[in-house]
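Next come the structures, one after another.
Two complexes, one shared chain (subunit A), two partners (subunit B, subunit C).
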Partner chain A sequence: MTATRIDPWHNAYARRAAGMTASEIRALFAVASRPEVVSLAGGMPPVDGLPLELVSDIARRAVAEHAVTALQYGAAQGEASLRDAVVEVAAASGVRTHAGEVVITTGSQQALDLLARILLDPGDVVLVESPSYVGALGVFRSYEADIRHLPCDAEGLLPESIEGVVARERGLGRAVKLLYLVPNHHNPSGVTTSSARRVQIMLAASRCGVLVVEDDPYSLLGFDGEPGPPLHALDPTGVVYLGSFSKTFAPGLRTGFAVAPPAIRDKLVLAAESAMLCPSALSQQVIAMYLREYPWRNHVKGLRELYRERCEAMLAALAHYLPDAHWQAPRGGFFVWVELPGDTDARALLPRAVAARVAYVPGTAFFADGQGHSHARLSFCFPPPVDITEGVRRLASVVREEEAVRGAFRS
Partner chain B sequence: MTATRIDPWHNAYARRAAGMTASEIRALFAVASRPEVVSLAGGMPPVDGLPLELVSDIARRAVAEHAVTALQYGAAQGEASLRDAVVEVAAASGVRTHAGEVVITTGSQQALDLLARILLDPGDVVLVESPSYVGALGVFRSYEADIRHLPCDAEGLLPESIEGVVARERGLGRAVKLLYLVPNHHNPSGVTTSSARRVQIMLAASRCGVLVVEDDPYSLLGFDGEPGPPLHALDPTGVVYLGSFSKTFAPGLRTGFAVAPPAIRDKLVLAAESAMLCPSALSQQVIAMYLREYPWRNHVKGLRELYRERCEAMLAALAHYLPDAHWQAPRGGFFVWVELPGDTDARALLPRAVAARVAYVPGTAFFADGQGHSHARLSFCFPPPVDITEGVRRLASVVREEEAVRGAFRS
Partner chain C sequence: MSAGCVRSVVVLAGGLSIEREVSLRSGTRVAHALADAGYDVDVLDVGADVMTDLRSRVPDAVWPVLHGAAGEDGSLAELLRMLDLVTVGTAPDGCRLSWDKSVAAAIAATLGIAVPTAVTIPVAMLRDIGTRHLVPAIAGAVGPAVVVKPNRGGSGFGISAIAGADDLPEAMMLAFGHDSVCRVERLVTGVEVAVTVIDTGHGPGALPAVEIAPCGGDYDFRARYTVGATEFNSPARLEAAVADRLAGHAVDVHRAMGLGSLSRSDWIVDDGGVPWFLEVNTSPGMTDTSTTPLAMTADGTTLAQACSELVEAATALPWRAPALADGSPLG
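Let's look at the complex of A and B:
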């Protein structure tokens, strides 16, 4: 009622705008940026480990030597020089492609948005893991899709669940448009889908005729080095593969890429043109030069060590301060997915946690259907180990207080 | 049928994807980039007139001195430092706002896309000028809107047409969601809406309760200097104002902005977050520093002189080579909207024109309803005057050949 009186345009919005609500991550950004708060919430990579002298010189030369490219309108598909370089980056994750199949996007988030735009009518069904990436859920929701969570375990999605759900939804007259997966170092669960599962998932998706979207920002950030075989390699005509420079280089350049079968690529390019004409030429020029001039694999190797150390600090702190919580040790990526002890509701606990100067993302953000109350996503990517330890300590103390309050009410 | 056999996903696309077809401008980009072709097609500003030494140094310092901002995730609404600077830029066009109302977008194109996303359900009506900007028509079409062209003359849109069309559409049960206008140096018509018309348009829109989208990339590029009073100034609660750095600085940074009433701004920010998380931080940092460090008004003044000279070259060439064509001399911007002589069909003529090494955009691109066959949009922004003259000469010779062929068939 208040909104109705304040906003003269309240009757003018599209139906999809009703699904646009501030995400829990977004609301947290403001709070978590206060210096006294240890943020285990965001997925921000530290950018101070980059070779800043080189990158700043590249930025200078991108303008000074390539002004006509870096400052001008370009192709909606992205610059050829960057698409060439992307072919090599994708190869490092086991994806074999060529520059013609690559579409440069404003981060992977835009790739998700463009895919939803070309594929999803209202009421179409999207299959996702349990839990699933909050940013993808937001996109699917904004296109008024029906999101179905499939069961997962420590090896990833249960492949045998796919065909039953697809048959049931189709029986209800619904189109099942895509299966969205993060097979490597999952956000938020940290799980890496096993090789056997990957084959079974692709076989099931192929039998059902459901397009697979493989979102893969973390494949190069495994602590053991080698990433698992990409789903894309198993069936390049049945998979759209998404990569990103946000985690391995710098998110502020907002540059990711999609590798797509030709007909889908054509539609993605048209959708990209409508969405923004073309991606940032300056960002593309800087990344293309960085990939050409710098041994970027060494930087990624350094990141792996950095994250491994931070992950170990987090796991040690959890074992020490919250031994009765449950988690699976990740083999890479940014996140530990923690089931809090007892009946602790991670979402209800959050304001108290922030008051105690620690932030995280409650598990409910990663479900479209209200699940996830008992879980918290803890990021180890950004704070140094000593802060991670302190953050987990603060979280544990809030959990203990909460348990004490509940115990008092029970007795 | 061919597409059906080639694309295994032909049944998977959303309904809106059917409206995504390669625009005439886009198909031309490939051809027009061949060096032997004089392109009067694109709307690319020349970027070599920028102070490249300063801009390249700014790019270096953006990374070297502001890495934590320029390379990191930022706010979906855009960086505060750039939003502060935008307030001053908007003031130069007569728009009074504050940083809180400003949303930074990936070019104005993305602002249009985000507005369509929050406002348009399939079948909703959008009112536009005759002709209207091709990129906006593409966005509205991709959201499955019904586009209605309102009549225009040398002073802009006829205000008295608004209420009748709105009443008729509402009588048919349709929601009329927005009125899209380019009041200054219109793309493609070159018309600047008169001050009296602006007042009448806003009164009519206000009476009807239709939101106005004022797309204003060219206001600072009038040959006489002072832009007309923005619609936004007449009713800030009824107008979303769109500005761009693509024409006055550099399109390759893909940075524009929207000034919107609070409730619409909130929805735009949520839509932006879903679309790409946040705009390019590097681009924003570079533009914010450029606006702070360089007398950008002087650069814009230089651009005005450059474009005035090119426009004069085009008008002189038209008077010389195509005196029987019709056009209105623009007072700024990038374009002359030419009605070709006789029954010449500009669209049918295009392949022959390109073979004769001149490119333009046929008028049909600027209508959603098949009008515009007799018109061509000629851009004077990019080629130097001597090339403009030669381009118009080539165009005239193709028009004459075509007339001769038609004459031969008639006799």
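Let's look at the complex of A and C:
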């Protein structure tokens, strides 16, 4: 007789790996990748809109003309040519910095991971919005942080909530290390934090002595073209600003950046060195050349128009097929955060939706504390308008089926 | 190299059911095993072009490893039969009988096998008559401690074990999310075991039962597909007489439903040594954490050998009409 747990190393894993388990939701998303399914789930930009011939030529020349650097190890902080270009990109979002403050990372997701690595001990408290970006929650969880959701409304996070929560947690002997925010076209809520709130949030964070992480992948993708004032501009010493080329250029290049105060920057560079030695030199070379040679602002402007059209299609479809749902029209970004009608449970609904060939992300993914059952994140960035309309129609039909079954349990 | 007459095999996996990811894992593992055995193997993700793809490839044999509807409800088997392809697995009628858990349980019961008390409720019944009287009646008929599951479907999706009637509506809602019919079954406590039956041309035979012991909690999706989350004993720690009875039952179920070359039935063996039939699958999981590969390799046989035997046998095993085809099959 043989007893086995299949994995002979099951006792070897760190405690923080305990949550790394198979997920029913993740398995459901495997179907969303099929062309028969309208996926309103992912946050993928349509890269076929890029000037692909130019990008191909740049990639070729990056190797042909810059092999010595592009195919070699580089600096952990990132290549100077790209850090210089990042200064210009960040300025378009209102962030004033210099190349020395910039750390290039493997997507801004890695910047989050490096920040968590240098700042969080198990049990430390991280403050986040309600809801919050699922990828950030995953990082904070993996470092065994205690995540506390702060209340939000149509203007963003309620600043008055910050000090009370910080005081309570500190009263319990916990260290409150970070306030993590997505102020522009929030993922998933779509909310853009008002200018007044931004000031109040920074004042409260400053009074509490809590470092702010401003995650800003969408600021250039506002439909009106005017990004809100960055938190970084209000207090450059109290904010780590994260930017990304995944939404405005190409996620496949896996390149983002952090703008950090000097001491934090130094720790980030050392952490990056131990995590990966250096970010991809080839990706950095390609992006630096793209930013230098192509009118990238025009591409971003084109993306804004594309996303505006798709967002309008989604809002029109929601108004037509799900008029009893609730949502706030986003002013940019990729997502509409929809409160489904009645007591529909978006997580329980997902298998039915996938069977009906439409996928979305249930709201529970964006909370660390079990909230979010009534909400779904619908992404309008990738499918063309006609597919968005069809996807919402399919979603509405399964919502009605679910309502009918729930109604039967009340009768 | 392969020893028999089969050279090329297409493994069908993926598809559009919610069990797609599990199926892709199963299919990839079967494909690797067959490649190790020397076959020329392609994994085909089943979509709208499946007929065209199969016609253009003309494989010597097809192994459908598609879980969920289409893969297990007889649809794909019917298609493969129409294409006259040598196929590992079960004929369409057998698929249809096993796919519906209530039908499979009824057949098992007629064979003298213990089957937990259960009720099968279509969602239409809820809509028609409401639940005010129905839910208490279900609890009264089946008991407070029950397992609620979709009547069709697998991979652990939509299943809840609940302790009381108060939780019944939510558990039924979960199951209805996966199927329009839900099955509420008395919770039988005991040792959970799975028995794989194979037929390589000498009649169906049971492989050693595999005992399933989740390391904390239920044998749910997490416990099924997280490597290390469940302990398996193969063969199961059962008295010899109980193990023999269980194997006999599994073969009886396989034979009665006409399940072809491969099936896996799931059982609870209670404290008195009685095996209770839960369900039977014609496209059993073949993932790293699935019980069928464990059973196939329990005696030291490699998975490559085991898969090779099934593929070679498929050439000699015609699609079988299930026993139900001639008059009354069960009497």
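Here, the second predicted complex is superposed on the first by the 398 of 411 C-alpha atoms of A that agree within 3 Å, B and C clash if a C-alpha of one lies under 4 Å from a C-alpha of the other, contacts with A are read in each partner's own complex, and residues count from 1 in each chain.
The rule is simple: a residue touches a chain if its C-beta (ideal position, glycine included) is under 8 Å from a C-beta of that chain, and two chains touch if they have at least 3 such contacts.
Because the structure is a prediction, the values reported are computed rather than measured.
Spot which of subunit B and subunit C makes contact with more residues of subunit A, would you?
Larger number of subunit A residues touched: B.
In the overlay, answer first, second, both or neither for which of subunit B and subunit C A:Val300 touches.
Neither partner.
Between subunit B (first) and subunit C (second), which does A:Ile6 come into contact with in this model arrangement: first, second, both, or neither?
Once the two structures are laid over each other on A, A:Ile6 reaches both partners.
Examine A:Arg61 and indicate which partner it touches, taking first as subunit B and second as subunit C; both and neither are also allowed.
first
If you stack the two complexes on chain A, which partner ends up touching A:Ala408: first (subunit B), second (subunit C), both, or neither?
In the superposition, A:Ala408 contacts subunit C only.
Considering only touches as defined above, state whether A:Ala233 meets subunit B (first), subunit C (second), both or neither.
After superposing on A, A:Ala233 lies clear of both subunit B and subunit C.
Applying the touch criterion given at the start, work out whether A:Ala22 contacts subunit B, subunit C, both or neither, answering first, second, both or neither.
In the superposition, A:Ala22 touches subunit B and subunit C alike.
If you stack the two complexes on chain A, which partner ends up touching A:Glu36: first (subunit B), second (subunit C), both, or neither?
Only subunit C; A:Glu36 stays clear of subunit B.
For A:Ile147 in the superposed arrangement: first (subunit B), second (subunit C), both or neither?
After superposition on chain A, A:Ile147 lies in contact with neither partner.
Same subunit A residues contacting subunit B and subunit C, which ones?
On subunit A, the residues that contact subunit B in one structure and subunit C in the other are 3, 6-7, 9-10, 21-23, 26.
Per the contact definition, I'd like the list of subunit A residues that touch subunit C in the complex.
Checking each residue of subunit A against subunit C gives 1-7, 9-10, 21-24, 26-28, 30-31, 34-37, 345, 348-352, 354-355, 357, 402, 404-406, 408-411.
Once bound in the complex, which stretches of subunit B touch subunit A?
3, 6-10, 12-17, 20-23, 26, 29, 42, 44, 47-48, 50, 52-53, 55-57, 59-64, 67-76, 106-107, 109-110, 113, 117-121, 124, 135, 138-139, 142-143, 175, 177-178, 209, 211, 237-238, 246, 250-254, 261-264, 267, 270-271, 273-283, 286
Applying the document's contact rule, which stretches of subunit C touch subunit A when the two form their complex?
16-22, 24, 47-48, 123, 126-127, 130-132, 135, 155-158, 169, 172-174, 176-178, 215, 221-222, 224-235, 237, 288-289, 294, 298
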